[in-house]
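Encoded as structure tokens, the structure appears first; notes follow it.
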Amino acid sequence: MEFDLTLDDLAAYRYDEPEPADFDEFWRRTLDEAGRIPVAAEFVAHDALLRTVETHDVTFAGYGGDPIKGWLILPAHRSGPLPAIVEYIGYGGGRGEPIEWLAYASAGYAHFVMDTRGQGSTWRTGDTADPGASGPAVPGYVTRGILDPHDYYYRRLYVDAYRAVEAAAAHPDVDATRIAVTGRSQGGALSVAVAGLRADIAAAIPHVPFLSAFKQATRITDANPYAEIVRWCATHRTKAAQAFATLAYFDGTSFARRATCRGSFSVALMDPICPPSTVYAAHNVWSGPHDITVWPYNDHDGGGVEDELRTIRVLRELFD
Amino acid sequence: MEFDLTLDDLAAYRYDEPEPADFDEFWRRTLDEAGRIPVAAEFVAHDALLRTVETHDVTFAGYGGDPIKGWLILPAHRSGPLPAIVEYIGYGGGRGEPIEWLAYASAGYAHFVMDTRGQGSTWRTGDTADPGASGPAVPGYVTRGILDPHDYYYRRLYVDAYRAVEAAAAHPDVDATRIAVTGRSQGGALSVAVAGLRADIAAAIPHVPFLSAFKQATRITDANPYAEIVRWCATHRTKAAQAFATLAYFDGTSFARRATCRGSFSVALMDPICPPSTVYAAHNVWSGPHDITVWPYNDHDGGGVEDELRTIRVLRELFD
Amino acid sequence: MEFDLTLDDLAAYRYDEPEPADFDEFWRRTLDEAGRIPVAAEFVAHDALLRTVETHDVTFAGYGGDPIKGWLILPAHRSGPLPAIVEYIGYGGGRGEPIEWLAYASAGYAHFVMDTRGQGSTWRTGDTADPGASGPAVPGYVTRGILDPHDYYYRRLYVDAYRAVEAAAAHPDVDATRIAVTGRSQGGALSVAVAGLRADIAAAIPHVPFLSAFKQATRITDANPYAEIVRWCATHRTKAAQAFATLAYFDGTSFARRATCRGSFSVALMDPICPPSTVYAAHNVWSGPHDITVWPYNDHDGGGVEDELRTIRVLRELFD
Amino acid sequence: MEFDLTLDDLAAYRYDEPEPADFDEFWRRTLDEAGRIPVAAEFVAHDALLRTVETHDVTFAGYGGDPIKGWLILPAHRSGPLPAIVEYIGYGGGRGEPIEWLAYASAGYAHFVMDTRGQGSTWRTGDTADPGASGPAVPGYVTRGILDPHDYYYRRLYVDAYRAVEAAAAHPDVDATRIAVTGRSQGGALSVAVAGLRADIAAAIPHVPFLSAFKQATRITDANPYAEIVRWCATHRTKAAQAFATLAYFDGTSFARRATCRGSFSVALMDPICPPSTVYAAHNVWSGPHDITVWPYNDHDGGGVEDELRTIRVLRELFD
Amino acid sequence: MEFDLTLDDLAAYRYDEPEPADFDEFWRRTLDEAGRIPVAAEFVAHDALLRTVETHDVTFAGYGGDPIKGWLILPAHRSGPLPAIVEYIGYGGGRGEPIEWLAYASAGYAHFVMDTRGQGSTWRTGDTADPGASGPAVPGYVTRGILDPHDYYYRRLYVDAYRAVEAAAAHPDVDATRIAVTGRSQGGALSVAVAGLRADIAAAIPHVPFLSAFKQATRITDANPYAEIVRWCATHRTKAAQAFATLAYFDGTSFARRATCRGSFSVALMDPICPPSTVYAAHNVWSGPHDITVWPYNDHDGGGVEDELRTIRVLRELFD
Amino acid sequence: MEFDLTLDDLAAYRYDEPEPADFDEFWRRTLDEAGRIPVAAEFVAHDALLRTVETHDVTFAGYGGDPIKGWLILPAHRSGPLPAIVEYIGYGGGRGEPIEWLAYASAGYAHFVMDTRGQGSTWRTGDTADPGASGPAVPGYVTRGILDPHDYYYRRLYVDAYRAVEAAAAHPDVDATRIAVTGRSQGGALSVAVAGLRADIAAAIPHVPFLSAFKQATRITDANPYAEIVRWCATHRTKAAQAFATLAYFDGTSFARRATCRGSFSVALMDPICPPSTVYAAHNVWSGPHDITVWPYNDHDGGGVEDELRTIRVLRELFD
């Protein structure tokens, strides 16, 4: 069932929380500091038992130089550098096996899948550690280091995502001028963040993105992972304001405002995990050209396979 | 958690319910009757937005001549007829979109996916109707027509599955002498049934198969779909024996006893939907060479992607 | 708890979705076509272990001539033809045993209970098959054949219900000029449909009726059976509009608009299965005299036994 | 699913807990004390909107002289005193309306329904207060006064049930020499208790009876109401032994041992509320002739309407 | 998540149900009648295995002279009479052990804990019986005697709470001029009631109080214990108005209107058990000075330990 | 309900998994390495709003020198060094506020409460970070670093717990020769580990301890936190053996075998979180004098307040 605003109100929705005054400064410093360590992507051929595509096991230096894993999957028969799509992964998942990532390479693109630090255990395997500091946290990742934006888990992960584009571009068969980013849920949120931080990507194609309009989200849903924030605040009763001050540096609405590439969203009207108003909150302020595909009867599965087909259609428009 | 027999007891488990005296006769007549209508597979090229593989939209005549849909997916670059794998689908799902079936074609095989009549609505789309008669039934498919083996839903579906092998073999790029069948859950059950009914397939590779050892299953689990049978018997209190008399014509253990090709199973020790003893019940009486991969900490997800990789490894052993 | 409109807003609620242009034409043709086969009700004396009432096992020709079962229960001591009440059954149930239907005959009326095709397995036994075609469907009955109004399950069932009145009237001890229809939930919906399709009944007495204001229902509840429609649309993401186009031919609000007999409803303000606004949507447009009894603290149990007593009181007013 | 002993082990099951040494003395004194107050049943004609049966609103003096309500329902057309069935009600329910109790009068018997003190609010209305003392108790009735057998709720209720037989017998149209008792769940338990305490009844027909083999029950189920005892003991950690000492005076197994009339039980093998071993524990020690009908696929619904039909068949055997 | 009014609307919320015309008369008579029996508090030294505090096992005469238990806990090192805090307990709990009540005595106050009649079994032990009459009731305490305000359970409990203040004041080491009352949930409701009935207390410090704005509560939550009232009305469908007429004599909003001492509340915005609008309903009409601490991310745990610290800070302000 | 072995079988239960050959070596090296950094406990006076006790905010160097927080609570009136109890905290909790820890100081002991690194957010606040490395992990703490015993979260936490005894002993008002350790669940597990690693403590008093007999636990329960291990293995299907190899260095049964001080356990027979056989597995091999208190009707709440009273009684025996 629906539980959020009506479709008309969603189209007009604005999330009015003020941004931190030093939002841009915070991210400039963060990226500068990270930039001192080269991305240094390594590509090692990997036998994934597949014949129509070719797989590379990737390692690159993410936040703090931590080794971040990924897959680069290419059509086995190709000629010249290919347009690429960089994909980020939903909450709790990891890069898994190449056989789980066949869609976009089978459609003819270079497909770079970034593993998620410290996750990759709840529903798909990952191979990347999160060696960062973490204060008291609710089980999960969304409250790790929540008392200080410098310690917050997503500072490390957003930097990884930012640098994944450079890692993908480093492969000789990738055309660095034609790269889009995508992902579902947390992966969609990372797409939005990267689009707000980089000027050199062609598009972000987020599906039912997470990490947006935190105060709205925590008011209207009791589903995880937003509910992990509520749980944290329910325990640390006197520190809720401090936690939300941290989250404000990571809110998708702020990144969307700064994104100038194309933004092609999907949203599901019965999604309790990434409620529609929080998705529209980011979509409605996107600075570049933007569109949103609405799935009226879906919950967090969103458009499912239709979201994948939609992504390919956007790539066709962009790169063919 | 585990809830069934220990691993040692599973290895020795026998399901002792007697078979119907006319089991073979019933199936001989059923297949003969069905055989009077030609399979008449049609293959129509389908644009699935993919480049490394080639997709055909298939229609063939199943039970009663009903039109059954499917996909045939082939590597785009190929030379000569390919070994093929015919795949059946789990309960409630349908053939969906070709982009959901990339693993085996990407691994170099012809991949034939059979749609499931009347299902394809709960978690993946299907396009095939079930025009068969149906008496009073619990929501779901497993009690449709349960009062008479001739009316029972799975009589129609087992015949579809039997004929899908012929449909696949009818394509010129498929090597009819090198066909294996596979599937997960209900799809695994169909693989077992086909292996018991046909002598011309190379192997069945069922993952966590359903539809086996019905009396054991309904005693030890309260998970659907087996629980739909319990629900039916709980309502039709005086007709339970009649229902189980019907089910006995469809029990995977009877098909396994008759299967002479290789049987390569997987089972999950914490699976409440297809409890391990019901899977071992079929595996332990398989007449051909057989093996079983045990996933000790999984529930009905079984080996997940590892089951797919395992399938490819078995195909490599059989066909390379 | 309440989750729908306030009582004041319910009283004023209008469901604004447009009707299909050919709604009347569709039903005229459907009934004409059905009418070519005689109802041919048969009444066979049945020993139900009862002494104050007399039971007949009924079979009549419903949609497509399919044999539909029912019970006719009459007071054992009677003189002359009796006013009758035709009752339809809630979702998943069947006619069960005569001992389950003693209220209205004990109150002095002829009581005709119509079995529901294909149901009668979840909570009370039924004996009637649904031999109709069915495309891919979510477990349950409400999405069977949903892609085309001609194939839709409720086309067959509405016709059965329409003809049940004629079947009841065919018994010599029934006074065909004094027949009312009733039922709870799905049974209430059938009462509403019959009242919209027939001019010769004295009243419809629907309790917490189902199958009304489909778009409103699917937006505001996540309870089955309306949620089966949501599930179907969530899977068949690109066919939702087509499904709702079919449902529009079966919406209780359209039948209510055409009903000229008395309509005596009940509604429960905490009912998530048949939400109050969907019940009021039908009640508020009823063309004949109408009233509604509100149960403010009940969920889908509605008035329970009070609904039965209420029914008898309405029958007393109508027929005494 | 099944969770208790196998059918073979159930047939042989013995519940070995010792009885209180003064069990018979306790009940002799209790009944003697109660017997000093006359039952004084009053029968007031009641308009239940029914015509085939006749209804009397009954009040009689139960434990402590408290006024206990009931219904007496008689076939409207009758000649001479009728055999009677006294029925007790399941946990939480009350006597409701006469229209809810039509089966046995419609079958030709006098039907006496005893209301349950203090209950009658969860699922069917009651009209009888429980003015007895009650110590700290878990919500529900089964731990009221559990620290002392004299204060225990069921001491009062068992006495009411014992005296209901005398109240029924007091009506001139009841044949006091032909009375059976019945009930479902708690009502079944009261039937068993009355059969153990009175020599003048023809039979007890308990369906899935409650209140038997308390230690076994609390070990093997976590369903209410047995779980209320577990909850009480979990809170009053140091008083569990005292609680079970009280319960031993009310255990159905002890009453069954003393019952010399016919005992005709039903049991459901998937019943978590009154687990099968606790039902067999009473059945297996019944001193009179006894039989048990097994519902293998049912939970606490037991035989449902089949239990009612079974009851009528037993009455036919006893009284026709 | 939030489910009630916004914070702004809560601050302005008024619960508009009219009070019974004889509200004050009802309570004056009740207290007068009760006052005829002396409180007669007894204090018996109790070895609670503690050394920094001293414990007394208290018994006093509550409603009807029933013996009510409690603890009086005092700092072991003290000089002169101490200010005291009387604490009432949440639904289902009892006085437990002294070691569970160390906060306020450790903070330097006399702490009087009143046991709750008939409860003390679900989550903390109690030792006090409820010998009052009780009609048919839903399991729990909130519908006991609900058909008549004179029989209603809370009439007895409110009188106990009223007299507990006198019992506390009776101890020589308690300064009767400096007494505050407090409690959580039901305990908070008792604080509010006592503040409305007595002029001699210094403050009420209710945390997330229960028993307020009954009609609003039963409309907006389906959580117990308010849901017990809904359940009662759902069963006793024709007596809901009578039940709410009783409840009106016990509504916290009416007591708050009469309270002239300080009222220091807490409320949790995600509390489904005592929804925020029902707490604000009482707070907003408090006649004395009042304040409310808001816990935006908590459910019925409210401020938890912060509520205890808050209580001590209020006591410091009042009594230091 | 019970779900594990019978009480007799529990008393005889042995968990037979072999220990790692280098178990003692692993821990000797771990503690030696840790020991190079001084514990350096600091005690800062803290105003906890309390008067009968005195509170110190403690910081000491735990594993890797990480700052670990704690509370030291002392009776305000004391003479000479006191015996002390060091308490560890259950899963997800932290040290909270001193007012939450009044029992043992009020009983006359020095009470040292150790905060838990990285936890303290789910149900009670903590103030200690876990700066250790962590590979992909299921939300929670029990799979952090599970692929290598050197990286495993509990290596860090066990070292913290080991050193907390030294931190407590460092305060001048603590008698270092009279120190016991205690805790509930995870806190109980830490007590067991410390008792196996240190020869200088007087007793361990674990209540329903966690982290014992891992293979047994993961087989028989699906409750968290053991289920987090199952989840991890279900995702990382090919690495389960490696994970259990790590866990073997942290199994309470191995520490219990090496413990020579008194071990006084509690266990709850209906505890799904720390199943009874896993508690007995540790208790039954304890080398020092040992006893176990059984709570037959409790789940993971165990003895609750009775466990606290029991702890004080053991301290009285040891130290008075």
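Chains here go by letter, A, B, C, D, E and F, matching the order in which they are written, and residues are numbered from 1 within each.
Here is the rule we use: a residue touches a chain if its C-beta (ideal position, glycine included) is under 8 Å from a C-beta of that chain, and two chains touch if they have at least 3 such contacts.
Per UniProt, the chains are A, B, C, D, E, F = Cephalosporin-C deacetylase.
Because the structure is a prediction, the values reported are computed rather than measured.
> With a step meaning a move to a chain it touches, how many steps does the shortest path from chain C (Cephalosporin-C deacetylase) to chain F (Cephalosporin-C deacetylase) take?
Step count on the best path from chain C (Cephalosporin-C deacetylase) to chain F (Cephalosporin-C deacetylase): 2.
> Provide the labels of all chains in contact with chain B (Cephalosporin-C deacetylase) and in contact with chain C (Cephalosporin-C deacetylase).
A, D
> Mind checking the rotation angle between the two copies, chain A (Cephalosporin-C deacetylase) and chain C (Cephalosporin-C deacetylase)? C-alpha superposition, nearest 5 degrees is fine.
That pair's rotation angle lands at 120 degrees.
> From the C-alpha centres, identify the chain that is farthest from chain F (Cephalosporin-C deacetylase).
C
> Over half of the interface residue numbers used by both chain A (Cephalosporin-C deacetylase) and chain E (Cephalosporin-C deacetylase), so same, or under half, so different?
Both copies, chain A (Cephalosporin-C deacetylase) as well as chain E (Cephalosporin-C deacetylase), present different residues to each other, with under half of the numbers appearing on both sides.
> If you average the CA atoms of chain A (Cephalosporin-C deacetylase) and of chain B (Cephalosporin-C deacetylase), how far apart do the two points sit, in angstrom?
Between these chains, centre-to-centre, one finds 37 Å.
> When the C-alpha atoms of chain B (Cephalosporin-C deacetylase) and chain D (Cephalosporin-C deacetylase) are each averaged to a single point, how far apart are the two points in Å?
Averaging C-alpha atoms per chain gives centres 50 Å apart.
> So the centre of each chain is just the mean of its C-alpha atoms; given that, what is the distance between chain D (Cephalosporin-C deacetylase) and chain E (Cephalosporin-C deacetylase) in Å?
So the centroids are 38 Å from each other.
> Residues of chain F (Cephalosporin-C deacetylase) that touch two or more other chains: which are they?
124 - these are the residues of chain F (Cephalosporin-C deacetylase) that touch more than one other chain.
> All pairs of touching chains?
The complete list of chain pairs in contact reads A-B, A-C, A-E, A-F, B-C, B-D, B-F, C-D, C-E, D-E, D-F, E-F.
> Along chain E (Cephalosporin-C deacetylase), where are the residues that touch chain A (Cephalosporin-C deacetylase) in the complex?
1-2, 270, 295-299, 301, 303-304, 306
> Considering the complex alone, what residue numbers of chain D (Cephalosporin-C deacetylase) touch chain E (Cephalosporin-C deacetylase)?
92, 94, 118-131, 133-141, 143, 231-232, 235-236
> State the interface residues of chain B (Cephalosporin-C deacetylase) toward chain D (Cephalosporin-C deacetylase) in the complex, per the touch definition above.
The contact residues of chain B (Cephalosporin-C deacetylase) facing chain D (Cephalosporin-C deacetylase) are 218-222, 227, 230, 233-234, 237-238, 240.
> How about chain F (Cephalosporin-C deacetylase): which of its residues touch chain E (Cephalosporin-C deacetylase) in the complex?
By the definition above, chain F (Cephalosporin-C deacetylase) touches chain E (Cephalosporin-C deacetylase) via 49-53, 75-77, 96-97, 99-100, 102-103, 105-108, 124, 305, 308-309, 312-313, 316.
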